[in-house]
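Labels for the chains are A, B, C, D, E and F, by order of writing; each one numbers its residues from 1.
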Amino acid sequence: MAPQDYSCEFFNVTQPIENVAVVEIDRPKKLNSFTSQMFTDLGNIFKKLSHDPDVRAIVLTAVGDRAFTAGLDVTAAADGPLIKGSGAGEERDTARKAWDLRRHIKEIQEPVSEIEKCEKPVICVMHGISYGAAIDISTCCDVRICSNDTTFSVREVAIGLAADVGTLTRLPHTLVPMSWIKDICLTARDFSAEEALRMGFVSGVYDNKKAALDRGLELAKLIAEKSPIAVQGTKAVINYSRDHSVEDGLDYIAVWNAAMLQTKDVSDALLAGLGKNKRKPVFAKL
Amino acid sequence: MAPQDYSCEFFNVTQPIENVAVVEIDRPKKLNSFTSQMFTDLGNIFKKLSHDPDVRAIVLTAVGDRAFTAGLDVTAAADGPLIKGSGAGEERDTARKAWDLRRHIKEIQEPVSEIEKCEKPVICVMHGISYGAAIDISTCCDVRICSNDTTFSVREVAIGLAADVGTLTRLPHTLVPMSWIKDICLTARDFSAEEALRMGFVSGVYDNKKAALDRGLELAKLIAEKSPIAVQGTKAVINYSRDHSVEDGLDYIAVWNAAMLQTKDVSDALLAGLGKNKRKPVFAKL
Amino acid sequence: MAPQDYSCEFFNVTQPIENVAVVEIDRPKKLNSFTSQMFTDLGNIFKKLSHDPDVRAIVLTAVGDRAFTAGLDVTAAADGPLIKGSGAGEERDTARKAWDLRRHIKEIQEPVSEIEKCEKPVICVMHGISYGAAIDISTCCDVRICSNDTTFSVREVAIGLAADVGTLTRLPHTLVPMSWIKDICLTARDFSAEEALRMGFVSGVYDNKKAALDRGLELAKLIAEKSPIAVQGTKAVINYSRDHSVEDGLDYIAVWNAAMLQTKDVSDALLAGLGKNKRKPVFAKL
Amino acid sequence: MAPQDYSCEFFNVTQPIENVAVVEIDRPKKLNSFTSQMFTDLGNIFKKLSHDPDVRAIVLTAVGDRAFTAGLDVTAAADGPLIKGSGAGEERDTARKAWDLRRHIKEIQEPVSEIEKCEKPVICVMHGISYGAAIDISTCCDVRICSNDTTFSVREVAIGLAADVGTLTRLPHTLVPMSWIKDICLTARDFSAEEALRMGFVSGVYDNKKAALDRGLELAKLIAEKSPIAVQGTKAVINYSRDHSVEDGLDYIAVWNAAMLQTKDVSDALLAGLGKNKRKPVFAKL
Amino acid sequence: MAPQDYSCEFFNVTQPIENVAVVEIDRPKKLNSFTSQMFTDLGNIFKKLSHDPDVRAIVLTAVGDRAFTAGLDVTAAADGPLIKGSGAGEERDTARKAWDLRRHIKEIQEPVSEIEKCEKPVICVMHGISYGAAIDISTCCDVRICSNDTTFSVREVAIGLAADVGTLTRLPHTLVPMSWIKDICLTARDFSAEEALRMGFVSGVYDNKKAALDRGLELAKLIAEKSPIAVQGTKAVINYSRDHSVEDGLDYIAVWNAAMLQTKDVSDALLAGLGKNKRKPVFAKL
Amino acid sequence: MAPQDYSCEFFNVTQPIENVAVVEIDRPKKLNSFTSQMFTDLGNIFKKLSHDPDVRAIVLTAVGDRAFTAGLDVTAAADGPLIKGSGAGEERDTARKAWDLRRHIKEIQEPVSEIEKCEKPVICVMHGISYGAAIDISTCCDVRICSNDTTFSVREVAIGLAADVGTLTRLPHTLVPMSWIKDICLTARDFSAEEALRMGFVSGVYDNKKAALDRGLELAKLIAEKSPIAVQGTKAVINYSRDHSVEDGLDYIAVWNAAMLQTKDVSDALLAGLGKNKRKPVFAKL
């Protein structure tokens, strides 16, 4: 992986472990809050990572101790179409403004969805303030873990709108209890790492940011050592099954594996498991 | 809100806090058990609340210490179509009786569904005996909390039938573990407040009925202070997303917010958050 | 139930309690690992149990202390189409091999699905090593419980493939948190009984195999004493609701109960509950 | 059927043939155009017909030679929320107006949907001008036929809006070619009875209004003589199948007929068909 | 193909053209009417054909000049569960009879569905009386053609029941106009070959049975000469797309062809098309 | 519209009528056959047209008398991944090749889907040879018409593959009879303009290319004169309804029009229709 390909103002992309990429949000002075451009950049990074043959697992984290992200950069947004769109004294009529807003919302949704569409598993490691966009982004990731000091909040009703970048749509598909989803979305109240764990929103809480990141890297390493055919197929098929009936899911995996079982990876992995000297199999790039 | 509009034999509707309505089941001598008429009345109350401009959040509770509700009033039901419909010696043939029963089931389903369709968030605060209809009704609510002494039971298999007023249909959509859903539905066994919390069926358990109700009112107050455009949009979109794919959900919220972002609420809320003197914004009626 | 009907090399079917069948996987020397034939046999057993009028609830367990099942018998599989299909030096072209593999996957999926399609509730009691096929099989069961010493693992990515006998498809439908599903499926790591309970994958953990089995039998007995019309309808309707919208689910149960309420079971159960001397009602075979 | 039950300003309900109801739109001076109230009234009529035991088939037609209906009464609508809602100088903000409009649209959709939900088959017999609401209403009917002189038009884009009372939603479900649906909806152009027949929108065209009505009554009579269990089940199951997969449809009809085959109608009809003296069987009310 | 494998009392299976199987219903004295056993037999034949490597296209026709099939053998059915199930004087209660009927309906649905599930394209060539089961069966086939003298009828409402072997479910999925589907299903009236063609139910009408069969064989030959990978994939993907959104369909075909394009058939066919001497390519068995 | 924005090697984009864009495929020497790059270019053109405020309707046609398009440029494709992917002697294993192919198919699907996603209505005017890609592309358009001399063919099974750029997925959603869809897709046979009209695949056939194009422009002009809010809403909602149930469709249009009715276009159009001097209303850009 040529790191420069991913260079970009507020994100760092590195590769500390073989086949594992780490994406860092890097705007700590503004609590890693997001401008419109940053959504676009993040989407482009994940679009590239999706096809990068040297990457088999991705960890998403953020620079600084205080925040994973405080969400939308409200000061910047105040100049954007969202606030302007709701202002008075404009010449376009309501329906035309609605048309513009719909296009604008879709334009912000798209880069965030690139994280979900990324062929490789993404582990989101959160810490500190994890507000608004933190929920939008982390619900697109495959695995969510965090440090003990994380504070989450679905901020939207606090700023007068229904979350439209993905939170409301994706939370029910994270399969955490609906009563709790409604509670946190309708009140915009803070919730802790411990509550997030108990409800299943995150699947692990660690003592501090470093410990959480170490665990994220460890998971990513575990995944990156497996057959990429198996790993990426697993992600694709779980995502398909989430939105389809059991009947449909069984059919889809049968079609999928019709091709994907025709790989040396299966016998390599299988025979390694059977052999006496359990050598780790090495899998070709995908 | 003119309280008299809601007057009705076994329900009280009051408004202890601005924009918050409290609906009480009030038939404590019969453990708040439900007759057919009570289902109809409850449905009508929620239909009215849905469009009442003075109501922005609703708490559903029950009078008395012993029970939220013991479920269907079995003595009353014993005279109804359910038991008569299964009796011998009637002149209508089986298919025609089936037709009548189907209509009858739909007639009872409809008012219960009005709670779910109510545009405003509904917080269900349960206590004591919470059997049968308690599950049907509370699964239509957005948030479920309860007191420590609550005892729940899906009673239907105990009285020889598959739950048809909504329990079996809605429980899988509350996103609590399926193994547990099957356990409680197939055995009709009691389960405690603590178990309900652990499984995510309720999202909070409090020391006693008063403490639970206080928390319910507090949540309702929090919600009622937010922009009603934001709050009611959030409820609508989560409910849509529950039954649709992520792709569909993202499209729906984009169409929704195309209109709903064109409100002064967004800038009012946003600017209040940015300003020094954080005055609570006041939002117009919806 | 004539036990001989179910006789089969690696499975025992007994009836220790009235109307309760116990199915045991019986290949302890090989850690109860599965050959292709065993999948077929298991499917046939559940197909018969589904229509056996003497069976109203089923417990699925396994012989021996060490394992519920270690999963696919890898040594046997190494000679099968899975490994051969991925080998070199064959004359059929890739598309034709894919066609064969797709047929083969569907052939193994079918018997496993028979457990899910079985009209009677199935309680899966796991212990010890519960790998690979243990997840495929148990996600087809209605209730999952286990002993304290159980170790689970979704093995597929460890052997280079995406799980295709049902695990990836059914796990999201067990309604356990998605972040955790992705974690265990993408890493193939072991997880404990305690973790399985916390995440809701199992709904009970017991001190040892015997205690777990006793609880399984107790649940089965509770279920078998209820009206089979009510019990089997409950299973059918929850499974339907899992894959459909609330609107659809309410309509389906109304059609279902139009016929199924026309049973003496309802009044028998209802009147037994009302009467002074609470005699257990006896329900006719289904 | 007590005719007075259905009395209503702009509709006549008669019963010229046993078990056949005829509903006439009766506002010929205004080309049978619809006010808001008329939609409500029409919905109520079909709600009652749905449960009227003396009605087994329904013909929907209109008084006068010139028009089935010219659609929305534009002069009346100009005072309604549609035009007022889009006007300037109002105090409610855009989002709140949107909320009102959404409620208003749903309020008009509901009575029109009652025609579709009516348990009995509805045959729509159109003639002359059949614009706008004529399409909304007739797509809710089961069978559409018309006279030779009928002129159809989906008017909405001509008056600046996307059809929201059902036309755009239901036309694709009438299974007529999509290229043609888009053509007539996007241009608002007139199309003739002959074109409607060729495209399958209507299934019969007759020489004049009388001939069309005679054929409508003949079809209704044919239907009304059949077992109402069979007829109404057929309507319900086709409507279900239209919106579901083949797999789902087969399951639904199996549950449906489990009850509905338990009728003497089947043997009566079957034996009448087998017997020498083919007497028409008489079926009990449903 | 070893013809004896398919031998069966009322069906003939022959192979007049290379890779083309012809299935004949052969009970002309009873107008090819169906007993329960015949449905089972037909299902088994198509199950075998589905995997028979010597068969690439199938023609379904019937012996005799008078009828493709007159439908269910009513005399035989009069002794079956359908009529008995609706009779009086039985000891099983209504709900239990309903359970039996549901199982029975599913048992008859299954073999008919085997025609639809058959991996190879099936061309149904009808003639003469084509009633009841003729519609159930032919809607499972891929292409429907007929002779000029064919008379069709959906018989079910005439014998007092809603069609449950597939007609009501599959007709909307044949994409013929809904107004016409309702007309023929609700009235049980006869319709001619010409009407069936005009409405798109059949895609060709020929002068007589022989001409229709010749055309069926010609189509089958055309299909059988193509790559079986391409042909069977085309059938599978169209059937998938029928029940899914465009988005889903595009994804499915991409997964499908990921394996299926890896065949020499593509280059063979492509190069044959490009070459000067257009030799017909020969494709390996599938 | 600045014509140069759309300049591109094998496509012309002009604007002969106000608000109407004409896109011409311009590679007549190669019968307008498509290279991979041309799919990408076409997608980009429609992506731009979708947001071009000067365009309200689009006509898609092709240069030259002989062909709309002969489909994929087979000579060019023979060097592409499709043929290479199926070749022998490559080092990547089958599963990895499958992964590449799946990505490649999706890359070609995407630009074609841009035609369908284009916010403005697209009228496809075909003539002469209209093979393969002609079907893929035209099924993405809203309205299809053609000249008398058009010859269509779904070519894929003739070149050994199942159509994967959209034909198999979109044909069932054009709502033409399924028996005919299977016939043309499974045989790859030619079909005429007249047959296409009879089956509803095209909604108009004209004497020659010029007459067809004139009609296409006339339709486009009709559409472009209407309110763009109404027209583009109509396209969006019909496409939504095609893939959703009636219930869902009614809800979606209600949300949609909540914003879109708040336009002066409605009163302008409505009042123009009511006024004495029927002046054509002029609608603002969208």
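In this text, contacts are C-beta pairs under 8 Å (C-beta built on N, C-alpha and C of every residue); 3 or more make two chains touch, one makes a residue touch a chain.
By chain, UniProt protein names: A, B, C, D, E, F = Delta(3,5)-Delta(2,4)-dienoyl-CoA isomerase, mitochondrial.
Note that the structure is a prediction, hence the values are computed from the model and not measured.
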Check: chain pair from B-D, D-E or A-E whose contacts match over half of those in A-F is B-D
Pair sharing more residue contacts (C-beta pairs) when B-F is set against E-F: E-F
Interface residue overlap between copies chain D and chain E, same or different (over half shared): different
What is the distance, in whole Å, between the centres of chain A and chain C, each centre taken as the mean of its C-alpha atoms? 33
Distance between chain C and chain D based on Cα centroids, please, to the nearest Å. 47
Residues of chain F that touch two or more other chains sit at 86, 94, 97-99, 173, 175-176, 199-200, 229, 242, 247, 252, 255-256, 258-265
Chain D touches which residues of chain F in the complex? 121, 142-144, 173-176, 199-204, 219, 222-223, 226-227, 229-231, 233-238, 241-242, 245-247, 249-250, 252-271, 273-274, 281, 283
For the complex, which residues does chain D have touching chain F? 74-75, 77-78, 82-83, 85-87, 94, 97-99, 101-102, 105-106, 109, 113, 116, 156-164, 166, 168-173, 175-183, 185-189, 199-200, 242-243
Could you list, by residue number, the parts of chain F that touch chain A in their complex? 51, 92-96, 98-99, 103, 229, 232, 259-265, 284-286
Partner chain C, residues of chain D touching it in the complex: 240, 248, 251-252, 255-256, 258-259, 262
